[in-house]
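The two complexes that follow have chain A in common; it is paired with chain B in the first and with chain C in the second.
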Partner chain A sequence: MDFIKNLAFFSILLPMVSGPVSSVLHGKTARRLSFTAVGLSGIFSGILLWYTLYTGEPFVYKMGRFAAPYGNEIRVGCLEALVALAFCLIMFLSLLGGLKFLKRDIQEEKQNLYFIMINLLLASLLALVYTNDLFTGYVFVEINTISACGLIMARGWGRNILAATKYMIMSLLGSGLVLISLSILYGITGHLLMSNLHESIVKIMEEGTYVEPLTVAVGLFAVGIAIKSALFPFHAWLPDAYGYSTCSSSAILSGLVSKGYIFLLIKFFYRVVGTDIIRATGVDDVLFAFGIAGMIFGSISAIQQTDISRMIAFSSVAQIGYIYMGFGLGVEMGMIASVFHILAHASGKSMLFVSANGLSEVSDGSRNYRDLRGSAYRHKWAGAGFLIGSLSMVGIPLLAGFTSKVYFAEAAMNAVPVKMIITLIALAISTILNAMYFIRMCITVFTPMNEQYKVEGFKGGLTYNLSMACFIVITFVLGMLSDPIFNWISQGLSQFS
Partner chain B sequence: MSKPRKDYEELKSVRFRRFIQGEREISTEVSMEEFQRQMDKEHEEDERLTYNYLNRPNVEMDPQADAKRFAEITGMKRFHKVYVFMAFVLCICIIGLLIYNVAYMPNYGSADAPTNNEVSEKYLEDGQADTGVVNMVTGMILQYRAFDTFGETHVLFIATCAVMILLFLKGKDEENAPHDPELDPEPDMILQTVARFLVPLVMIFGIYILLNGHLSPGGGFSGGAVMGAGLILYNAAFGFTKTGRFFNEKVYDILKVGSLALYAMIITYCLFTGANDIASIVPLGKVGAILSSGLILPINILVGVEVACTMYAFYALFRKGGF
Partner chain C sequence: MLAQLWDNYLEVVAMILFGIGFANLLLHKNLIKKIIGLNIMDTAVYLFLASMGYIESRIAPIATNGDLNAELYVNPIPSGLVLTGIVVSVSVSALMLALTVRLYQRYHTLDIDEITTLVRKEHE
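After this line comes the complex of A and B, so read on.
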């Protein structure tokens, strides 16, 4: 066996080991360790992406002496490696961009605790991406939930603790539903490994026994993940959680945490149940309806906000709606568009949060849009990042958001006529609504200010500018060089089943 | 004759009904002045929470905005009633769905249920030869599905860390923390005498469960929980000063990180050699002996230490905010 195949295991293990070690280190050393772990995991994922594209087929890696279904195993294909690479990269850049705010917002003695959360969050995200076993997935969903809570309340304000409590309750409800679904699935199939589960489920559908429990299990799993990833009617926890936490936390939570769950749901649809059976149960229609509702109502809520962070947070609800809408279209292309949107939204939303924090930093710490007037001139990099991110979210050509909208429209053309019409109309309305709040905010921050707001001797800081520049480059790359990424995604998805 | 209204309102049944309906225990007819005062107070609270560190001057109150908020709050009350009712209906629906689902599930414990397949057969038949354990549950969680258990141990670890972020008093907070005489209570004869008897027994029992995990029901998780309970009992009887002599923050850090790091090393060795089909150099030993089953015994001990630390840390953090 090639040594390269071990890298997936190492990329999960490395952050998992550096987490506990951070707890006895000082904040500064823990930070360096954390950056190293995230960076190395990203490099490993990059090598794996190259390897899986080079060999052209996915491989499974058994975790331990005993082959599945007796032991655990992870599976690495080009899609998994691509998503893992994107997660590591975005986490690295979010940390880099939020470094200055981190030092200000979090007590110095507790900074090493913050990096424990970061490390274990990354480990759990990578495990969710690579896992080939539903129960391993559930274990890491738990780690993911708790570490996300830690990230939300790290700032220590009253509002953060309230937000963390909200998040905890909703998220545990989601975990509970997922666990019930897993026990039902185990009860009717006797397996936890994805490929064995799939075989048993196909058999169940042929024989007609246990069809009802299967439907219930699929429904519970989808609802559980939908709650955890803030699909429209379950988004009540989201604005507080994203809006009030420290810069890196907001960026990581909005960009990565919900996406990890969604990726698990994709694996569940493709590798466990199979897309045909999903369509037969009608779960995709429900997700389609909620996705469309999320696209519209998320944007309407965002328009009503005066706080820039809360506005961006509500825009997340709309974007998550896009992703679920893609699931619900019921065509291969829709799924590819959704996966592409996961990447586009993860990078775009993290960039927006980092830049919004930069803008409010030069506006006396206020996040109200009235106080942000002209802030783009005071902090040029943040202004540029916010402009590019907003335009990408609205869907201006050359940028990532536009490409994913084109893919969604293309997917709608292949879907059944009713869904096509609804999707196209919803895309149009949502784009207009997006433009209404993002362009308003852009005009506000680019309106020249009066003199009294000038911040003397302000410097953005090298790390901040560097991360902003990288985010801008990623947005352009996703927008203009989307063809190879599109091919990798479709290749990965076709290897899923 | 009818009861006075006040008595009537304090009846349990009335209060329960109001609770179900989601009504608050405040009179619904709030005068505008009183409402204004309440709002001012809430405003202040909000300002303190949001803008405290920004040192912003207080925002001027706008009477129109408060009138709007008054309407908002009465609307909220109506909404709240509907909300509670809908939540009730939703719960009933989900309960019904799950009960309906159970009717279609395979019978629990029946021989031809799908769960009795080749996986559990393999665990029961080859388990002893593969892992060298007598208690198959331990063999399954620590050898066959070692990675899941490794993750599960980290769930405990990260839970303590999350509580630490919330409650740990360090640096400035620690100096400002009010001294609580309850933390080192007056010696309580009964409790201390009982603890003097019980703590050694509990600890020994915990260690027994821990070390016998591969032979009889038990293992790291349950043994660690018993040991943690013993530590908590000692602390409750003798206070933090006395416990701190042998279990302070330094010891806690060393035990916790040491056990997790060693566990990670063992797991890396197991998984790496297993995945690459390299023969393991650890002998399995004679089945049934205390020193057998290869790496399961050390893993059990490490997991036990981690669990005991977690239990005690939760207690100490919630009680005092430190060790």
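After this line comes the complex of A and C, so read on.
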């Protein structure tokens, strides 16, 4: 049984090794190797989820021979395993759904380079999820940024390179802030492991020394992660980066990359600083305000778009706003709702990007919503996926988006009255705005039209349809069978502290 | 207050440099100057870390004559962090420079606003 404890490390190591190996392989072999690596990492995470639920407690895995506080550690609880499993699954399905477009967008002999980036991205995401050391977290944040940049520019258009440059600039600002925050924390505590840091920080707060540097460090870390995950005022890079890259890249970037950073922030709040101290510093109030602003303004920007990919990208800004709003509510339930929304949004947004690419494929490659009219009839699976994804984002019952909105509303009822009223009003407005652009787009793609755009002998492709079907099932499962997932999240969060 | 700042002048300088680098990376239009800003920002963090790890009148943490008394040596961990940080910052600088080269070859300018306009025109 003890062997299972190695699996977390293996699931990070496997993509990390298969990435460099891909560089010397042919495109086809590299593709198979990456699918194997992503699938195996997912299976390992699934086994870990079962194991942590079976034993009922998290475990710490020592990296190397040195024990804490000197050595490096991996920590696995049911929440980490659940998030890692979701990341692997969504990455697998996004790759599967985008395979056809990948062959079109990237030359065969360069495809192995794309899969290096995919593997490194997965390794860094899993490391962000599992690590128990803040500096390791920083290093993997940078690896994540570099590989995400590779995914954005994979298509090689001038527009992609510009988007990648803008993404890099914003990301580097964010990681600079994270690094200086870590240095300050190390300066006042002398530790980098999360559990040791937490002990020292509690002591510092009791003694009342170094409270200002601590507040500054917490604020810088939160702002750094907020820039990297495109919270509202820092989202300028997002639409270009998500909107114009190849299908798998958009799906993976929107679904996973920002979520990895956010998960690190959750660990920082719970495992490093402690939620009580976060509330005392007031950082959560700031995140709450920006989250609410993001919910509204992200949707307003999305309404103005005529390009389907950019519309979905702006909708991501709104959904990231929801997650930060949950952080800021200052109640346990808000955090659970945020984590649930991470899963719901990751699957829903990836599905929307994959289906939008399918819809534009049968409309002469155009993404303008006028040209997409009736496309759902030409590509039925993409149409179904787009419909389910949109309804889930709007918050129709039985679907994932509805459940997370219910959790957010429930969390708001436990929060302080001012926050409760603001949250409920913002939820209502944001739902209406979501409905305005998603339902408009749904009506457009489902409006029957003459035979003008009929694509002769079009087939969606087995891999595409399979990934679409899996995404639809996941959306329904998250919506209807949310109770066990809710329990796992709340158990995992309570074991964090 | 002033005496405190004077005592910790290395940290103060590091913070000022960090601000300069951050503003350069954020506000400059020229891509090369942005990359210079990035490097100033990262170097400021290394100065901050190194100044924290240094302890007056102690020597580098390499046990040469078999003396394992920790009181003799400076804190080695910040130096390790600096080395890791340098590796990270070299790789992101290289990536940024590569992107800049690609953009320059295509649009013959380093001004990011101009490039944005050119890209927009190209796709209209």
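One rule holds for everything that comes next: the second predicted complex is superposed on the first by the 496 of 497 C-alpha atoms of A that agree within 3 Å, B and C clash if a C-alpha of one lies under 4 Å from a C-alpha of the other, contacts with A are read in each partner's own complex, and residues count from 1 in each chain.
We adopt the following convention: a contact is a pair of C-beta atoms (placed from the backbone, for glycine too) under 8 Å apart; a residue touches a chain by one contact, two chains touch by 3 or more.
All of these numbers come straight from a predicted model, not from anything done at the bench.
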Applying the document's definition of touch, where does A:Gly158 land relative to chain B and chain C: first, second, both, or neither?
both
For A:Phe135, select first, second, both or neither according to whether it touches chain B, chain C, the two together, or no partner.
both
Output check: A:Ile146 vs chain B and chain C. Expected answer is one of first, second, both, neither. What do you get?
both
Residues of chain A touched, compared between chain B and chain C (which is higher)
B
Return first, second, both or neither, reflecting whether A:Ile169 touches chain B, chain C, both chains, or no partner chain.
second
Chain B versus chain C as contact partner of A:Leu179, first or second or both or neither:
second
Taking the superposition on A as described, I'd like to know which of chain B and chain C A:Glu57 touches: first, second, both or neither.
neither
I'd like to know which partner A:Gly187 touches here: chain B for first, chain C for second, both or neither.
both
Residues on chain A in contact with chain B in one complex and with chain C in the other?
135, 139, 142, 146, 149, 153, 158-159, 161, 180, 186-187
Where on chain C does chain A make contact in their complex?
18, 21-22, 25-26, 31, 34, 38, 41-42, 44-45, 48-49, 52, 77-78, 81, 84-85, 88, 91-92, 95-96, 99-100, 102-103, 106-107, 112, 115-116, 118-119, 122-123
What part of chain B is in contact with chain A in the complex they form?
49-50, 53-54, 56, 97-98, 100-101, 104-106, 113-120, 122-123, 130, 143-148, 150-152, 154-155, 157-159, 161-162, 164-166, 168, 170-173, 253, 256-257, 260-261, 264, 268, 270-277, 280
For the complex, give me every residue of chain A touching chain B.
1, 5-6, 9, 13, 16-17, 19-21, 23-24, 61-66, 69-72, 107-110, 113-114, 116-117, 120, 123-124, 127, 133, 135-136, 139-140, 142-143, 146-147, 149-150, 153-154, 156-159, 161, 180, 184, 186-191, 200, 210, 212-213, 216, 364-366
Using the touch definition up top, name the residues of chain A that touch chain C in the complex.
135, 138-139, 142, 145-146, 149, 153, 158-159, 161-162, 164-166, 168-169, 172-173, 176-177, 179-180, 183, 186-187, 192
